[in-house]
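Consider the two complexes below, in which chain A is the common component and chain B and chain C are the respective partners.
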Partner chain A sequence: MTKRPFLGWFASPSILIAFGIAASFLAIVQYSFRANIPGALDPGGFTLENFTTLWKAIYGDAFLNTVLLCLWTAVFTLLIGYPLAYAMVRARSVRLRSAILLISLTPLFLGEIVRTYSWMIVLGNRGFLNAALMQMGLIDRPIPFMFTMTGVVIALVHFTLPIVVVMLAAGLSHIDRNLERAATSLGAGRVRVFLTVTLPLSIPGIVAATSTAFAWTFSAFATPQMIGGGQVQTISTLVYQVGFASFNFPLAASLSLTGLLFTVAVLAIFNTGIRRLERIGGH
Partner chain B sequence: MRKSLLDHLLDWAGRIVLIAILAFVLLPFVVVAIASFNDGAILSFPPREWSWRWYANAFQYRDFGAGLTNSLKIAVFGATIALIAGAGFAYVLDRYEFRFKNTLNGILMSPLIIPNFTIGLGLLILSAAASLPRNLWLVVATHVVIVMPFVVRSVYVSLQNFERRFEQAAESLGGSPWHVLRTITLPLLAPGLASGGLFAAILSFNEFTASLFVVNQSTQTLPVAMYNYVREYADPTLAAVSVIYVLAVAVILLIVHKFFRLEKVLNVE
Partner chain C sequence: MSSETRNDAAVQIDGVSKSFSGTVALEPIWLKIRRGEFLTLLGPSGCGKTTLLNLIAGFLEADEGELFIDRELVTQVPPHQREIGIVFQNYALFPHMTVAQNVAYGLRTRRVSKAETAERVAEALALVKLQDFADRRPRQLSGGQQQRVALARALVIRPRVLLLDEPFSALDRNLRTAMQVELREIQTRLGLTTVFVTHDQNEALSMSDRIAVMSQGRVRQIGAPDDIYDRPANLFVSTFVGDANLFDATLQGVQGGAAELIVGGAPLPVETYQEDLPEPGPVTLFVRPEQCRLTGAEEQGAVPAIVALSVYQGSYAELHLDCAAARGGRIMLRVPAAKALPAGIPVGIALPRTGPAIYAVEDADKEVA
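Moving on, here comes the complex of A and B:
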């Protein structure tokens, strides 16, 4: 009998899939260094032109927009997600906890299209929000939410919220409640216990949630595409446009590759942060 | 201990904040439900007249039916392949040491950080370079790549909490590895496998961005068909589709919650 039964059988399918992933990554790298031949599917010879093209203003703007969207979305998602995660983990009644859990997590399983379309109906000039504000007499002209950064951020916060709540709740549920009880028994009020015990202990969860929020916002496509309507270009919408409107796949590949390197760099910084925090928290 | 005035204020502030946040989460779904019954093709709030006509329209529109069929096929094939490959990998990841284990793990988990539009673009370019047809299997392969990390994680967590003693008892009684796997390991892992597979199917059914890159007219999924509809028509048909979509997902989640408890599936207990 072998010491490791099934190793070959169990590992082979995943090895095959790993080769597929590696090959498609190499395909992007390879295309990003090839010249584009308009009208032809196959790319031309070796060139660095794709990367020099990326220095043009529209690509720089898309990078800037993407970074700003990631930043604002992370800030607002954390502000809204933290109380929600806190209530979910700490609610005393099982029913309330289940209700919060189902309401806040169902959107996670709804996909980007349904959610973005729903926000288009809320945010449009004839949409729910403007109609409500006008009927209340607060405004006399619709506020433009569609095709603006504000509108995209609102929808992106809603899109990112469930996964951030999951990460924050996981962090909060692992906090030792005895530490809070100790602080209370020593005379600290609720606000002080939260600020000096609970909040610091949940920082690793906050950092993890922020990095996930960043990755989600960065890869969001339908939201900036549909709510931004071409006025708010991000890396994702530009990759699609360059690929499917201009059929310049080498340029789309180099844009994707640059975006990916940027994501990996940002996530690496977050990871270092998490490791440092764990070292402080663990000992 | 009596509650102070500050404690009461905090309790009330907490409740109001919680209700406001939950209202924000639910708002778009409530609004889309109202819009779906708006009789006119142009939206107005509140609707002047109500009707079911957009629901009828949603069922008659061919692309939605074809998209739903494609999406279900892709979800079933994709989740099954991802479950078989992912469970196998989780098993060897948990039990064995072998060469390139970390490399393999890194590549298979990389779709968690690679944006879906990059995955879609990569597989599109790869299929073009390898002269593969852009058929349904290309979409299935794309979905397998995207959902597999979630299956691996789900099964791996189950394996970590696994009682090895039952397997050891069966082995010491002379059971062959295959027999132990079939009668002990697989039945004990069944809940983890089921939730991993279901999770994969739901994710695949919802996937939009990567699909948009690899589908063509005949293989478009339901989310892609919905996206194309918004680009062409402004009427509330998609609101009706969205309502059906939300209700279907909510019912599935309620059932899952009843059997598996979502807290456990998502590890937030």
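Moving on, here comes the complex of A and C:
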């Protein structure tokens, strides 16, 4: 039997954090079943009214928007992140590897607000992107990126990319190089090796990265708020609006709770689907 | 004559060399592997044997030199067009495919028809006695079974050359011996040119038609197993393959084909197979343990020694002897287990008159740790 004398001490901070999370979670659950008294910060008695209110079209649209946003972001992040992760794992030069790692990870250190502001500068009607496209003569008038779904997705892809690259790279680095060599020796060219060996074996990494990207985007607030500018409504921007513009805390709480359950449900459906796919792909 | 030997070579390596960022992994090397031959590349880790294998496979590009397979120049041919079968040390079976799909992989890349694929996969699996395992996944198989799948997968494409990269090192001893016999049988039956990489000298001696002993990026000797064992070309081969007893001796001269030696104070005329002998003076005498004979301590001409340790090995015992005349002060002999002696007993060692080899002392300083 091994003694772990410091385990209790090391674990205690996590218990503190768990306690904090549990307490705030309970507070939100409790608030979501309380009545809103206009003009008062304290909630009224128990009611289910908040949840029936959520059936209104404006909330439904926010849910749909959020899912679409997450979906598009996940798809594009994957398309950009996979080649990056692949290059990072397989590059022979150490310098190239660290360059890719650095470029894909730095956004993580800038913070969401700073990054979103940079994107506002890039995406505006007179911003860098539109100016460049017009200079090249590809477009006559600016494409509206700000306050559109497209703009929000572009910024969210950048926001999500680091986490996806790191997770995909972790998955790819676990694939035995000899498997690819074996496939090559059996007559498979590079494309075939990739499609029949590397890609199928990286599916677990893809699943993990996509689910994380999904949850990551789902909880994003500053980006849809600032680039969407109220025109692209997501669950998180709506929670903010209801809670801190209308001061309807109970409704904001029920909206948060529903959003959380919604994420769990979407991820569960997603994972079952992928597991089916994996089973089919295996045969 | 020269064109005939060229036709005979399944693989011809002409001055191929390889360095990795300034470090020489393989000095320029010339080697002809005959059709149907089982050639072993034997050497310690870092000797360049795996580099040579990867060069033949095409996973590495040679810095210089040319490589021919079946008389076709393949130096620039990418690995997937070389028609080579490889069995990897960790087998490298595709975990997301069944056994049958693994074996069929090389046929699908060649666009072989479905019917023929099924037939050839069944044939290959029958060859390695795994007919009943076609629908299993690799992880459901034992190490020996995985190895057979890897072999079937490499054989089914009818490769021009089969490359084996230490395929037995992950198997336990009994299974290893069984697989060695089986592999050799299949290889002989198919007449398949095979290059086998190993650091295990027993494996090399028991399986090969020829062995190329390598160290520090060079081939130190190439020949049949008994050539390598009985007539090693240099001290490295002597000590790397089989057990070696080394004695400090003095070479006085050569008379009538026999080298006049003084070992442990006693004169010893030795007939060696060597063509070049070192200059007269201090030399190192190399004798296999089984060429030494244990005698009484007082026997005329025997080298005196004292038993230091007796190691029981079942059918025989290893006697480790302290011997003043031995290089490093230690030698080893094998005796029937019943004749093992306790530590402290003085004995004599009678050295053979034919068979041993004589090397310059500098060689011993350089090559024996």
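Everything that follows uses one rule, which is that the second predicted complex is superposed on the first by the 251 of 283 C-alpha atoms of A that agree within 3 Å, B and C clash if a C-alpha of one lies under 4 Å from a C-alpha of the other, contacts with A are read in each partner's own complex, and residues count from 1 in each chain.
Here is the rule we go by: a contact is a pair of C-beta atoms (placed from the backbone, for glycine too) under 8 Å apart; a residue touches a chain by one contact, two chains touch by 3 or more.
Nothing here was measured: the structure is a model prediction, and the numbers come from that model.
Participant: Let me test your reading of the model: by the given contact rule, A:F109 touches which partner, first (chain B), second (chain C), both or neither?
Facilitator: So A:F109 only meets chain B here.
Participant: Per the contact definition in the header, classify A:V94: touching chain B only (first), chain C only (second), both, or neither.
Facilitator: After superposition on chain A, A:V94 lies in contact with neither partner.
Participant: Report for A:A245: first if it touches chain B alone, second if chain C alone, otherwise both or neither.
Facilitator: neither
Participant: Looking at A:A57 after the superposition, I want to know if it touches chain B, chain C, both of them or none. Which is it: first, second, both, neither?
Facilitator: So A:A57 meets neither chain B nor chain C here.
Participant: I'd like to know which partner A:G189 touches here: chain B for first, chain C for second, both or neither.
Facilitator: both
Participant: Look at A:A265 in the shared chain and tell me whether it touches chain B only, chain C only, both, or neither; answer first, second, both or neither.
Facilitator: Neither: A:A265 stays clear of chain B and chain C.
Participant: In the superposed arrangement, does chain B or chain C reach more residues of chain A?
Facilitator: Touched residues of chain A are more numerous for B.
Participant: Do chain B and chain C land on any of the same chain A residues, and which?
Facilitator: Of chain A, residues 189 contact chain B in one complex and chain C in the other.
Participant: Which of the residues in chain A end up touching chain B in this complex?
Facilitator: For this pair, the touching residues of chain A are 1, 4-7, 9-18, 20-25, 27-28, 31, 41, 80, 83-84, 87-89, 98, 100-107, 109-115, 117-122, 124, 126-128, 131-132, 158, 161, 166, 169-170, 173, 189-191, 215, 218-219, 221-222, 226, 236, 239-240, 243, 249, 252-253, 256, 259-260, 263-264, 267.
Participant: Any idea which chain C residues touch chain A in the complex?
Facilitator: For chain C paired with chain A, touching residues are 57, 59, 78-86, 88-90, 92-98, 105-106, 109-110, 153-154, 157.
Participant: Touching chain A in the complex: which residues of chain B?
Facilitator: 6-7, 10, 14, 17-18, 21-22, 24-29, 31-32, 34-35, 42-45, 81, 84-86, 88-89, 91-92, 95-96, 98, 104, 107-108, 110-119, 121-123, 125-126, 128-129, 141, 144-145, 148, 177-178, 181, 202, 205-209, 212-213, 223, 226-227, 230, 238-239, 242, 245-246, 249-250, 252-254, 257, 262-263, 266-269
Participant: Residues of chain A touching chain C in their complex?
Facilitator: 176, 178-179, 181-189, 192, 196-197, 200-201, 281-283
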